[in-house]
Amino acid sequence: MFNPFKPERAIIKDIIKETTDTTTYTFSFLDEGVRREFRFRPGQFNMLTIFGIGEAPISISSNPAEPETFQHTVRHVGNVTKFLSKMQPGDIVGIRGPYGTGWPLDVLPIKNLLIIAGGIGLAPLRPVIHEVIDRRPEFGQVEVLYGARTPAELLYPAEYEAWRQAGISLLLTVDAVPSGTAWEGQVGVVTDLFRQMSSRPGETAVFTCGPEIMMSYVVKGLLARGFKPEQIYVSLERRMNCGVKKCGKCQIGPKFVCRDGPVFAYAELLTLPEEVLGGAVR
Amino acid sequence: MSVAYARQEEWSIPQLYHLPAAKLDPFLNKLKENYTLIGPVVKGKEFVFAPLSDPGELSLHYQTTLLPPKKVLHLPFEVLFSFHEDQQIIETAQEQQQQIIFGIHPCDVHAIAILDKAYTAEYPDPYYIAKRRNTLLVALNCSEPGENCFCQSLGTGPELKDGYDLLLTDLGNGYLLEVGSPRGRELVQVMDLAPAPRVAMVEKQKVLDNARRKFQKKLNTQDLPGILEENFRQPIWEELMHECLACGSCTMVCPTCFCYNVVDKIDLNLKSGKRQREWDSCMLLEYAQVALGHNFRKDRDARVKQRIYHKLVYYEPQFGTLGCVGCGRCIHTCVKKIDITDVISRLRGE
Amino acid sequence: MSKPRVAVYKMSSCAGCQLEIINLEPILLDLLGAVDLSYFVMARRENEPGPYDIGLVEGAITCGEEIERLKKARQECHLLVALGSCACYGGLPSIKNWQPQRVVENRVYDNLAAIHSTTAYGIDYYVPVDAYLKGCPVSREELLDFIKSTLLGVRPYLRPHSVCVECKLHENVCLFVTEKAICLGPVTTAGCGALCPSRGKPCDGCRGPANDANAVSLARTMAAYGLHSQDIVRYFRKFAGMTSEFSKGAEAV
Amino acid sequence: MTEKAIQVDYIARVEGEGALKIKVKDGNISELQLRIFEPPRFFQGFLVGRRYDEVPGIVSRICGICPASHQITAIQALEDALGIEVSQQTRDLRLLLALSQWIQSHTLHIYFLALPDFLGYESAIAMAKDHLATVQRALELKRLGNDLTMLVGGREVHPVTPAVGGFTSVPGRQELQAIGERLAVARADALATIDLVASLSVPSLERDTEHVALSSTGDYAVNGGRLVSTKGLNIPAWQYRSHIKERHLEHSNALHSYIEGRSSFLVGPLARVNLNLDKLTPAARKIAREIGVFPTSNPFYSALARSIELLHSIDACLALIDGLDPRPDNVPYTVQAGQGFAITEAPRGVLYHSYRLNNQGLIEEADIVTPTAHNVASMEEDLRVFAPGVLDLPLEEATLKCEMVIRNYDPCISCSIHFLRLEIERE
């Protein structure tokens, strides 16, 4: 019978260094059948194996329209992710997925879209941007607020121009500008961008992903600006060892982040006691 | 895939047999010819489920075992696959051995039904299923509840109604044997057994009524989710934070706990190796810790709550059932004697 | 890639932990294919000078001369590892810390002029330590996992939780609950495979406190079992009495 | 006037830390110091105030090479104090445990510590390149000893099961038989070891020494018997302190054991084989006789004595296993005040423990003398006799030869808790 724990072998096709601690990898499954059948939705993740080192959940960060070669943008923080930083094109990893719910792009009648990301949190939102660009006429106003620690740590800068050309308003901010770095944009936290943003609550869906503390301020700020909990979607992170609702690690109250999430309607999280969330999303 | 085990179905009577005490061993010997028999045996002052090499080792007069029979379906340690120098993945052969868990109590049968839900729903677990498919349950109704048992409060004992292949009730001079599935019927056919006399069912109820009177612990299930949700902040949780040792024992012995951790074991050549999973516990500090050290349940009280809320509140929306079967193992095993029934009655102000 | 160079240092110890390296018999030769035991006085006569990639330090620090050697070891090793409970916590030699130094010395020696012993500490009291391999002696499996992980440049999986977890995984009869014997398993770091309880002997805490050790609560239960406060103190002040967690246990009643 | 000095800053391939310094002036030894810079760990000091049942677990940490010997000796001393008579099964299992450690420790010494000297390698690791099969044989023998220790004791280094009154758990007959089969196969390795060691040419070193070992009327004494010597000592354990003293010699800071009214003495495999040749198992006895060097006072034959004991141990274990089907059979006892004594033969020789307990079972006094502590005076005496004869050799060779004299004793320096610490000058 099908074994959901058995990774499929995938080859590293390409490596793009994004920042000092983050890299985007392009993968392709070795098995032709697997490669052809693989499909994913924006916001879904894969379990990425380095044989002998371990496995880690990583969001897919590339365009869902091109599933035969897909990308992961990885921050090198622990065993699996740091080991990956030492690998080369042509090396083999294991991948299984995709897992989880995605951003509700098809589920909701979305007119306007507000995307708010912090740091690596842009990775699971990049497929949304790709898809929006592909299906641009279906959407109204689309705005992206994105913050990183420094200008050098902004992900995907080469693509910003294309996004803007597709009629997406992109507001950037950084926490700090190290001396010697050129930066003319905003300095401050993501929520500081609220003052400049043009998105309004009416008919807008908000997708946000970033550190939980950031998301918590984002949500507070949005609620203060008249957004409703039902409009806001957050992507959560918990420890995961299986990705398929078996190992139990990612539970938040009755929810399994791997299966019921990682994208949750904020309204849904409101039904849980604050402590159960453990983090700061509320 | 839907996995229906041991469902009560239509089949021809008789379904009730009499198994005289003297025929128990011959029956076991017969079963042993085709199945691995696993049953309660003595270990020190306790009991454990173990493969029976000789029917004489079986101790049906047990109250509870250290680990639940879960351990033969969801193994404490299990190799998921091995990988080779060329990164080929070799799945470990999934066990096909036919086995019978003999003498399993009603609470543990219910627990397996819960595990079935967790492990056979979306993304069925092939390791669990391979074993589960080949496992028959010969259950034993309880006539002597243990001091920590409270299955009665949860409707998971002392009498089993469903979920078995065969069901035994000790009537003193022998057993009433009820057939619960077609596979169970195949099992009884190895012996030439007489149908049970009509009074057997009456005697069975006497035995069970007697057992029902002996329960020392109970858990009031009325509006449990409501009670727990209302009482998320109570001094008792802080008390438990100081009391609990976070040793993890309560969850390691729980028949419905399914959590596991995954570890890759690499060989000295640094190329080949295996991926292994082992039971994990939400009571442990590292359980909810992620890279860079953030921990979502750093405080002990958050973990105590996770365990109790999961069992009594969250299982329901997750799997449509309570997560506790009242086997009392977590109470027995706890060095601090932290008692889930006591926690609930204190929250209720009883 | 050249083989990593490993040095084994001995401080105040029984040599049992370094013997565990040789006790890896079935794979010892393979191991020697993967690393160079460049400095290992117990096993070789011609020991090569540093620097080394990995330094395994066995033993507690109990005198000034050892402090100096330890500092040198720190300088010449890229990774410095505490090998065994003596090096991690002071180990059994730290029992003497709880009695007046001179009294203890006097029980052994008549002429105290030549004695320059100090409080027994684990090595991290004096130098930064990169990894701790707990146990008296260390677990060979953990030692090997550590070496493999280091070769790969990753963090090894060393069990951080209590011995009870492994005790349960092996389905032992709990000595505490069933036999009414005091066992330090609930507050002690696992990784030994619950070796002692599996053999009918309560855990005496040789691997030191687990990551969330609640020694105070355990000490209270020990008192409830009728243990005299002196007995409780002895339980906690054995292998790792110098750790703050076990100190709390010793001081709880 | 010619001055020459042999200096070994670290005596390698021994367990623990020692150094050797010999100064020679005009062909005479002007200074000889076997210096031990192993700092004392004060076991006897901190045992005071601990409970009797903690003692086996504590004393095993005196020495990681022969932990079981310390445990067995301590337990027997405590049982002596508490008036406990254990079962025959317990005695058999203890013997099995002690012998398992002989197998392990003797293999370690022969192949890893001594043999490289004779074959001209700096270590067994280096030796493996040319003598892979020999090293593999050693590893297998050592693992066998270790596995047997683990089976009976629960762990190789610092066993866990030995306890006052018996064992906390006992091995099953099946497991014993399985290891018995391996032991039977390993006899061939033991025989090969004897052949190998017997083929080595040993330097001569004749000195009039007193050899001391346990001896019993029945078997080759290991865990009991009377302490006897080649010069007429014959005492039970409790009389140890009236005959064996320690002295603080001027030239050395170490305490030297000596026999009251006489001088230094030698313990260990050589003393045992010399004194108890007749009690060896038949095969070992036959070979020892055929070789014909025993009794001998040349300490360079220690390795040969060890190899004979290796075969003896295997045969003795086989005989023990044959008759064992262990069941839990600890004897009950009550704690009371008392004093007890025990002597056993650790792999390196005579090990003495004695304890005084109060009526709560707390230790009031502990006295432990290890084999290496017994031997240290003898080591120095050997060097005094041996060193002048090698002084004309190139320094490197002379140094090696002197180190070999020390390694003959398989000294376990960290367990020699009776040493005083020396001022160290380490360049």
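We call the chains A, B, C and D, going by the order they appear; numbering starts again at 1 in every chain.
As a working rule, contacts are C-beta pairs under 8 Å (C-beta built on N, C-alpha and C of every residue); 3 or more make two chains touch, one makes a residue touch a chain.
Fair warning: this is a prediction, and the values are worked out from it, not measured in the lab.
A.B. asks: Kindly work out which chain lies most centrally, taking the average of its C-alpha atoms as its position.
C.D. replies: Central chain: C.
A.B. asks: If I count C-beta pairs in contact for every pair of chains, which pair wins?
C.D. replies: Maximum number of inter-chain contact pairs occurs for C-D.
A.B. asks: Compute the centre of every chain as the mean of its C-alpha atoms, then state which one is farthest from the centre of chain A.
C.D. replies: D
A.B. asks: List the centre-to-centre spacing of chain C and chain D in whole Å, with centres computed as mean CA coordinates.
C.D. replies: 25
A.B. asks: Taking each chain's centre as the mean position of its Cα atoms, how many Å separate chain B from chain D?
C.D. replies: Their C-alpha centroids are separated by 52 Å.
A.B. asks: Using mean CA coordinates as chain centres, what's the gap between chain A and chain B in Å?
C.D. replies: 39
A.B. asks: Distance-wise, how many Å sit between the C-alpha centres of chain B and chain C, to the nearest whole number?
C.D. replies: Once rounded, the distance between the two centres reads 37 Å.
A.B. asks: For chain A, write out the residues touching at least two other chains, lowest number first.
C.D. replies: 52-53, 78
A.B. asks: Taking each residue of chain B in turn, which ones touch at least two of the other chains?
C.D. replies: Answer for chain B, listing residues that touch two or more other chains: 263, 266, 270.
A.B. asks: Okay, what are all the chain pairs that touch?
C.D. replies: Once each pair is checked, the touching ones are A-B, A-C, B-C, C-D.
A.B. asks: Under the touch definition given earlier, write down the residues of chain A that touch chain C in their complex.
C.D. replies: Residues 52-53, 78-79, 82-83, 86 of chain A touch chain C in their complex.
A.B. asks: Note which residues of chain B are touching chain A in the complex, please.
C.D. replies: For chain B paired with chain A, touching residues are 1, 80-81, 83, 87, 89, 91, 118-119, 121-127, 129-130, 229, 232, 258-264, 266, 270-273, 275, 277, 280, 282, 287-292, 296-297, 302, 305-306, 309-310, 313-314, 316-318.
A.B. asks: Okay, in this complex, where on chain A does chain B touch?
C.D. replies: 1-7, 9, 49, 51-55, 77-78, 81, 92, 94, 237-239, 241-242, 244-249, 251, 253-254, 256, 259, 273, 275-276, 278-279
A.B. asks: Which residues of chain C touch chain D once you look at their complex with the stated criterion?
C.D. replies: That would be residues 10, 12-20, 22-23, 25-26, 28-29, 32, 37, 41-47, 60, 62-63, 65-66, 91-93, 95-96, 99, 103-111, 114-117, 120, 136-137, 195-196, 198-201, 204, 231, 234, 238 of chain C.
A.B. asks: Show me the residue ranges of chain B that touch chain C in the complex, using the header's touch definition.
C.D. replies: Spelled out, the residues of chain B in touch with chain C are 43-46, 48, 66-67, 71, 76-77, 242-249, 252-253, 263, 265-266, 268, 270, 278-279, 281, 284-286, 300, 332-336.
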